[in-house]
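Below you'll find the structures, each written out as structure tokens.
Each of the next two complexes has chain A plus one other chain: chain B in the first, chain C in the second.
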Partner chain A sequence: MFDILALLAQTAPTAAAYASPWDSTKLLTREQLRQVVIEHAKRHHQSGTGLPIEGASSPTFAASALSVREAPASVARPSDMLSAMKRLRAMSKYGDNWDGEGAPAPDAAVVEAAITLVGFLSPEGLRMRASLDAEGRPLLLLSQGEEEGEVVMTSPTTFNFAWFGGLEDQGDIDVIFDGNHLPSTLRDALPKRDLAVAA
Partner chain B sequence: MRFECLWWYGTLTALGYADRAAQRMTRGAMAALAHWRPVRDTHAIQSAQLGVQFGQPAGDVLFRRADAAVSKQAHPAGFMERQPLNAGPFPFPFVLPPGAIVEQAEQGYVYGRREESGGIAEQFTLARDGFKYEQFLYSRWAPFRERAALLMSSGVEQFAGVSSLATITSGYVDVFEFSGSEEPDVSEVISADSPFVAGGSHRSSVLWHTYSGFFEYPDPATRRLIQVNIDVLPGDPSGKPHMIKIVTQVVDQFGQAESAPLDPEQVDWAFIVNHADEQHQRLKGLLAQVLTPAAAQAISLA
Partner chain C sequence: MTAEACRLAWIEPGGLQAARTIDVAFPKGECEVFSLSMPERAAVADDELVARVLTSPGDYDLTIQEILTGKLTNCYAGGLSLIRSGATDDEILSTVATLLAAEDAEGLVGAVVVSARVLRAVGTPERYFRVYDTDAPGNLSHADIVGTFDTAMSKSAWDKAHRKRRRALRDAMQQHILHAVTPEDLLLQLRAAGI
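Let's turn to the complex of A and B:
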């Protein structure tokens, strides 16, 4: 999805600033406009109405996804990392039209890169769930407390990500991932741990 | 300008997010293993470890400096638990006068990172003579190596400045669990032609083990100990399944009589990582020599 945005940005007319589609008195930079449009698109997806929602709450992802806030803290649960790896490995075997609506088959190399990224993200203390987007690309849904984000693996060496709920929303597209390190641009966007030491 | 904004908006909403993957199962796919299951589903690694040991124990100053360096990294990395390393039996080389108290110096610390699920996912040990990093929720080599570097690199280089490097150790414990109702047949997992299986032992599915070890010499300064230990463990009435446990370990030893001396100036974290990378590849090769093709495919062992 984010690469579509990048493509559109390249083809769209250049301008020093744009009028906000929802408040014409407000001028936005290209980057601000992209973030605003993404946020409203996600709210639209949640509501299903196709119309921008004024005053909607922060977006959650994929209506059918399990809410990671619902599990009681006292209930032991399987490792999110292992579950995500298992799902991705299973989904890597899907064929074309796996969703019945024409979605392409996932690229095995891209899925493997996503599994590697899962390994880097696991120690960060995030709740994690793996899925595929409508393009057949690995989608990692992440959350910690009130903050949440997503990573879309776009190729074996690149991903797009967005993170919401912190001091400011963050995101980037075409982040280079060499498979040897967690890119700093993503690491820096993730929430820092609560450093209260266990007794 | 408004048209452009609406154009972006319309494109985004048309794409949407579809978490349909949760509802679909792969059709026509056959399990690689019929009756055995890798303990972690996508792989069989129950634990992975990397250790660096030095020839002389660190004195108090160096030890505390290393502990400070480790704590600085471990805490933000999620290692919220720390406990003293077991001191072991007290030495009594002499008779103590009545009422005397001998306090043994602290031997080290064990740091742990606990997952929300309750289990320890990672463990790091700082001892007077070295370091050890272990993962119990292993994913891939690269993330493992990066975590080890985060915790060990500073301390290792401090120790390397005053003590000779003795060993670099890498190892995996791979476990397969039996999930059938009939008598387990280990030949589904363990290759009958494996050079690490004592002749005839694997024909029996009852409790048995086969342990192997030998030396290699990858370079003039290194003597490499290879160990492959295979245990077949029976289940019990409580529900514990039959298990196959494969321990593979590679220990690079330095300063041996038959080896060339190791230049202490070249011992830094990059040196350690180079050896660890080689050991990782060697360990994969060892495991591949133990497993059947079906078992290797089940854990995506390339």
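Let's turn to the complex of A and C:
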């Protein structure tokens, strides 16, 4: 649980400052945050370790005992995830020629799917930037150390991705995304996070 | 292969298909010796300096000081716009104003200033990109970086390949950034750099 709490410790000290990336007019609810934490815990649970889970369910993140300095470098900066989501939210409202060079307006449903995907990518410990490509499709630029890749949402239920810098380049096209989990073809291509935590 | 055939390949159907159409029609880059704009205009020579204006956050990540590859997807659509040497002050300032007025722009970063040779050398010995003299509204000194396409690759292999090529272009451009705070400052720096 250390890495989850480190993630929370780096966020705003109170939930009141935590605007929902799904709707900027609302606060992130405890249930929404709890879903992210639980999803992450299912995949990274280490028996016999970790701080009490009670701290993770509290909306007051300052309750975490970990400081920012103690967080492992590979933990995804929550600011990256939130920035990506907020940027995508803003871009969903762009019109034609949003870049001044003739790019078409993005499809709001495709952008929503990208926002959902960002949520599933956040526990992977990646640096993340959100963009649009020349066709107005959401493009997530990802990196970890010297490795980098990108995911482009091609429809509300499909994406293409590529990952470079590992033993071999990886990628796939027309990957089905149901909005409920990170597709294994993408998850398996991403570098494994370093779960070691400073004492 | 004639100049007119090249221009037609660029403008019909044009738009987001322009890059693919011209490269499929002339895969050996035969059209680089012509202007795709007007017959009397010169093609972009290898040693000509060209400039790509950068804004943030669309083109450039200020936190890591790096060009973002997202905007470079234009190379495979309608072309990635460049300012050519010899552009007037009005053309340069107008281009900057247009880009700063775009929805994805919050501020000016500066510009990449580089010779066409450097851009054409990306991917050597293969040619990943071509530089053409092209049209732009109100700008006679305009060029485009246009990506080449490998039609022999499978769809999935090409999807990976062109993403990797954009990284290579980014790495080439990253070495040649002039930073500027205002359009007027950028204009002065572009002139000093030889644009």
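Please note the rule applied: the second predicted complex is superposed on the first by the 119 of 199 C-alpha atoms of A that agree within 3 Å, B and C clash if a C-alpha of one lies under 4 Å from a C-alpha of the other, contacts with A are read in each partner's own complex, and residues count from 1 in each chain.
To be clear about the criterion, contacts are C-beta pairs under 8 Å (C-beta built on N, C-alpha and C of every residue); 3 or more make two chains touch, one makes a residue touch a chain.
Note that the structure is a prediction, hence the values are computed from the model and not measured.
Chemist: Counting only touches as set out at the top, which of chain B and chain C does A:Leu132 meet: first, second, both, neither?
Modeler: Once the two structures are laid over each other on A, A:Leu132 reaches both partners.
Chemist: Would you sort A:Phe164 into first (chain B), second (chain C), both or neither based on which partner it touches?
Modeler: In the superposition, A:Phe164 contacts chain C only.
Chemist: On the A-aligned overlay, A:Val111 touches which partner chain: chain B = first, chain C = second, or both, or neither?
Modeler: Touch status of A:Val111: no partner.
Chemist: Looking at A:Leu186, would you say it contacts chain B, chain C, both, or neither? Reply first, second, both or neither.
Modeler: neither
Chemist: In the superposed arrangement, which partner chain does A:Gly102 touch: chain B (first), chain C (second), both, or neither?
Modeler: second
Chemist: By residue count, is chain A touched more by chain B or by chain C?
Modeler: Counted on chain A, the partner with more touching residues turns out to be B.
Chemist: Looking at the overlay, what does A:Met91 touch: chain B (first), chain C (second), both, or neither?
Modeler: A:Met91 contacts both chain B and chain C.
Chemist: In the superposed view, which residues of chain A touch chain B and also chain C?
Modeler: Looking at chain A, the two contact sets intersect at 87, 91, 94, 98-101, 103, 131-135, 139.
Chemist: Provide the residue numbers of chain A that touch chain B in the complex, in ascending order.
Modeler: Residues of chain A touching chain B: 1, 4-5, 8, 12-13, 15, 18-21, 24, 33-34, 37-38, 40-41, 44-45, 50, 52, 61-65, 73, 76-79, 81-82, 85-87, 89-91, 93-94, 98-101, 103, 115-116, 118-120, 122-125, 131-135, 139, 179-182, 192-193, 195-198.
Chemist: Enumerate the contact residues on chain C facing chain A in the complex.
Modeler: The contact residues of chain C facing chain A are 15-16, 57-58, 61, 64, 68-71, 73-74, 76-78, 81, 98-99, 101-105, 155-156, 159-160, 163-164, 167.
Chemist: In their complex, what parts of chain A are in touch with chain C?
Modeler: So the residues of chain A touching chain C come out as 87, 91, 94-95, 97-104, 127, 129, 131-135, 139, 141, 148-150, 160, 162, 164, 169-173.
Chemist: Flag every residue of chain B that touches chain A in the complex, lowest number first.
Modeler: 1-2, 4-9, 11-13, 15-26, 29, 40-42, 75-78, 80-81, 113-119, 121-122, 137, 139-140, 142-147, 300
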